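Chain IDs A, B and C follow the sequence of writing; residue 1 opens each chain.
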């Protein structure tokens, strides 16, 4: 029995026992489908555990570690992965108390079977063990997928992606279920750096005239059909300034023309993006793709890092979000529709009880996503239940998703969630708010059933 | 001993025992005075428990239940109340973990004496029992009022209300104390849909010329005198965009003229409303009516429901509020007055520790209202104490009010508050922050004394 | 064993025992250096405990006590200190549940050795005892400093201060370490009421031409050199509207010229202040002074009190702060510098998890200050750890500081923090998040090591 197991007792322990081995439904995340297509061994421990994990390298960077020394960017190309791992290990104390340490600890112990504690002294033994694992058959992507008991895993894919790896997986004799997710940011957000070029390519790919708004919509529909045929059940949208507005036809056409020409101003770009979100929601009503909205991350706030290393370097910072006004126009067009499922993700925890629980407890189309990013942690999960359930209940939530690009952290993240669910429900019982039987039902719901149902992933 | 009782132990249990049977002081709510005037039996279980409870029907609506199927709106007229109750019962699981379920459970058990659990299977037995109760003498409004041990109950009444039911109750031989509350939104907020008409009627009712600002103020004063004579001790104000500004005489007159003519723009309407809130506060200094400000609810965000069913259909959603700047002008005119009591209610929990506890811990006129609406729940009450007391202490709070139109939920709501008080104080003792004796005093204060004193309801 | 000690048990108790007697590192506060220079007895109990403590008199004022009756302002001059103390004692119940009561209780018991409870009845005995203490040698400032086991105490000093008391202390044979802090608000914030005059004096003091921007910068550098020579390791900045912008040379010069002439508009004053904050940060990169930013207090919101009593009368109220955009320009110029330490203090707890933990977990220059002002309380400390650690870890925090002008409350405040640390870490252990050994290390770090290191106070 490890420390974490000792921390759960009574009803919570029994509930955890009932759900800990439930299959993993992972309806949103950022794994690379190529892993499962090629089933090649992962390169090395640092490429698997450190370089793709912005939680890890942002913490190291905050304490003075150079990103290049972690093998990132052009400057970091060719760094010795063992040296990278040693550097990480010698800073392992920085992660005390963080969610990252929980996830990594779980992976080390449960996935890789390492019992000792990581430190500068044990770094080499860790590295040897991890390396040996990764070279074995049992740690190939498909084998891990099966070991992790993953029922279905959704990736996130640009609107122009050819989904070749998804196609190859489906064509293969492997039965693992990997589905794509339609992420059209670059073709619906005029502020996106690749908007003009991607809208042009969108036209080529679909044979539609994306010079006209109608052709552009037809092209988007065509891509959604393509994604759906490849197994997609959802779309995903990143929104920094949450805003929606239904534009009149003439204005919409005019703004789109300017956007396609790269001459749209910043304020109008927000408006056109706000219109396109409604178009996307309306297409979801038509085609049944579940819509996800991840709002409120200010991207790449560190310009020096953006220039040297590109986006996603740990400098995305949350900001306040006004859900009521931001989504007003969208909801008033489609929020009453029984055919739409729109899942909201926030990084602004003050909105949990103020706006989001009340909103998902009213609008038929809405579901509240699980704690996201910085809040997908033990205390973050506790705050989420504390602030959300009394207004929203459980059935207006979307279950859990791990949202990770760190494949081996997937079981760790679902385990942390399930422990959080068990602790929450144990407390519900001990406070007299719920019977043990009801708590057991809710536990199964939150562990995987709700995610499967919300994302319409029931049928393979 | 039920589950909820098992959840309280030690000092908390003893404290709860001391306050659980204290009389109910209900200084703010939305019960219908006609009930107590006529003392007729309540219509049927669904009309009592479901149709007037926006907490209940908003949850059902969020999960796809048609409001008409719950008997709401023109479309729902004539629905069989038993069918409505069955529909509700079959969705009872949706309320797991919500405050609504706590209140209803308490009502079923304590008020109606039903021991079994509600479900689709037990719906008819529940309905039969509820219906039988409602037809009995013991469940007439006055009898319940006495059974609930209500010392005083305040209703909320439009400024133009003739208060005939209040007058009849006072003239009757029944000793129950029901007092009105002066709610002048429709005659002081130029953005109110009935503003022009209601200001005109206000003139007629009072014999004042509400075409001039001075006459308008005289008319408002007259109505306050009328309400006070009918037992009112308080006013109540709903404010969406919190704002106050003291206008110069010329501008004030000009804006009022435009408002009365229905030609005032949106921004100026906010300004005039902000001026009128200060006028109201000044009148409170004069006449001693306690002023309540409920701020930050965006009303009727679902236009389709508003058109089909009217307001108060569960689509009011909280938003951020800036108390410091919003109340600045008002407080700088009257906030230092020892004669004013101004109670603030927020739906934005982030303001508890940031602005409200510091403000009520400074301004002599201010008191902080209890958790409101979505936050009037077990965890909401815990958050309130956690974030407020250390800066504001207890004497700057306003005690509890139930703010309900669901009459039979009143004891349930006060009981939930009293349990929350007991749990909070038990924790204060166990953390060494307070002696048992002090905790006992605070418990009685919070259970009813503070509400009685704050609302000046001491003298019958 | 007192009540507070009973409240800590298990691992938390052991951890508390390990750190409770650690030396006090007080890197930020508002004590008067003259106390330690002159080492004269404190005047009387009320002048020590009530009149300088805005927490105390704001609460009394909120409940109707006249500030003049507490000896404040011209109107309060000459009030009998015993009468003031009696007035305070008779309102002692108002402080139940507040941090102020915790601090005062601790001071009464631990510093002054009084065992009974304060009340109207015991007020005179308390006063006698306090007065007798203050007249004894053991309660002289230096003796208390030593009794409190203060390793170093930083004061906060205006940029024009001659630091004579600091010089005299250093020249004396007393070994207590008192260091100044450079607080240049009045010479870098054009909205400051003394800006024009103080910039002129700044020129005189330094022999620089503060009529030109370059001379102005040289003058500021000279004062930083002067403060550093007197032992300063840090600067401190109060910012109401958080904003930073790097101005072009021409605009900067033009705005400065207007500011020096007293003709700068409000919006431009914010911009010039925002530029000067970056200049200050850049000077910190050069000279190594740690920079502190206290943001989000709206000062003197009660105009009547401001006029009658001046600033700092308990009417400063927190407001929302947008750290991401507010600091964007500053951080993009200097936030990646390993030579800068910039400590952020917030009064908006919603920013803990939303912006601040993510920001300090990314930018090398940033550290998060401890709970400030209204949040420096038992529950406030718990919320801080709950919301901050999982994203930021411990090493991106700044340790504790007491930020007080109430000298005898210093041990009380550090004790409350250390209890909070112990409770937090005890919970980390019991939840399986940390080993006992790691918790012990973190405890020592948070108790004093981190403050000493962050503020570069290691070398005497």
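The rule is short, and it goes like this: a contact is a pair of C-beta atoms (placed from the backbone, for glycine too) under 8 Å apart; a residue touches a chain by one contact, two chains touch by 3 or more.
Quick caveat: nothing in here was measured; it's all calculated off a predicted structure.
Engineer: Between chain B and chain A, is it the same set of residue numbers doing the touching on each side, over half shared, or a different set?
Structural biologist: different
Engineer: Chain B and chain C are the same sequence; what rotation (0 to 180°, nearest 5) superposes their CA atoms?
Structural biologist: Copies differ by a rotation of 120 degrees.
Engineer: Using the average of all C-alpha atoms in each chain as its centre, how far is it in Å between chain A and chain B?
Structural biologist: Taking the mean C-alpha position of each chain, the two centres sit 40 Å apart.
Engineer: So which stretches of chain B touch two or more other chains?
Structural biologist: Each of 320, 350 in chain B touches at least two other chains.
Engineer: Which residues of chain A touch chain C in the complex?
Structural biologist: Per the touch definition, chain A meets chain C at residues 2-7, 58-59, 61-64, 93-99, 102, 298, 301-305, 314-315, 317-320, 347-350, 374-375, 377-380, 383.
Engineer: Going by the contact rule at the top, pick out the chain A residues touching chain B in the complex.
Structural biologist: Within the complex, chain A contacts chain B at residues 320, 322, 324-325, 328, 331-332, 335-336, 338, 350, 353-355, 357-364, 366, 386-387, 389-396, 428, 430-435, 438, 441-442.
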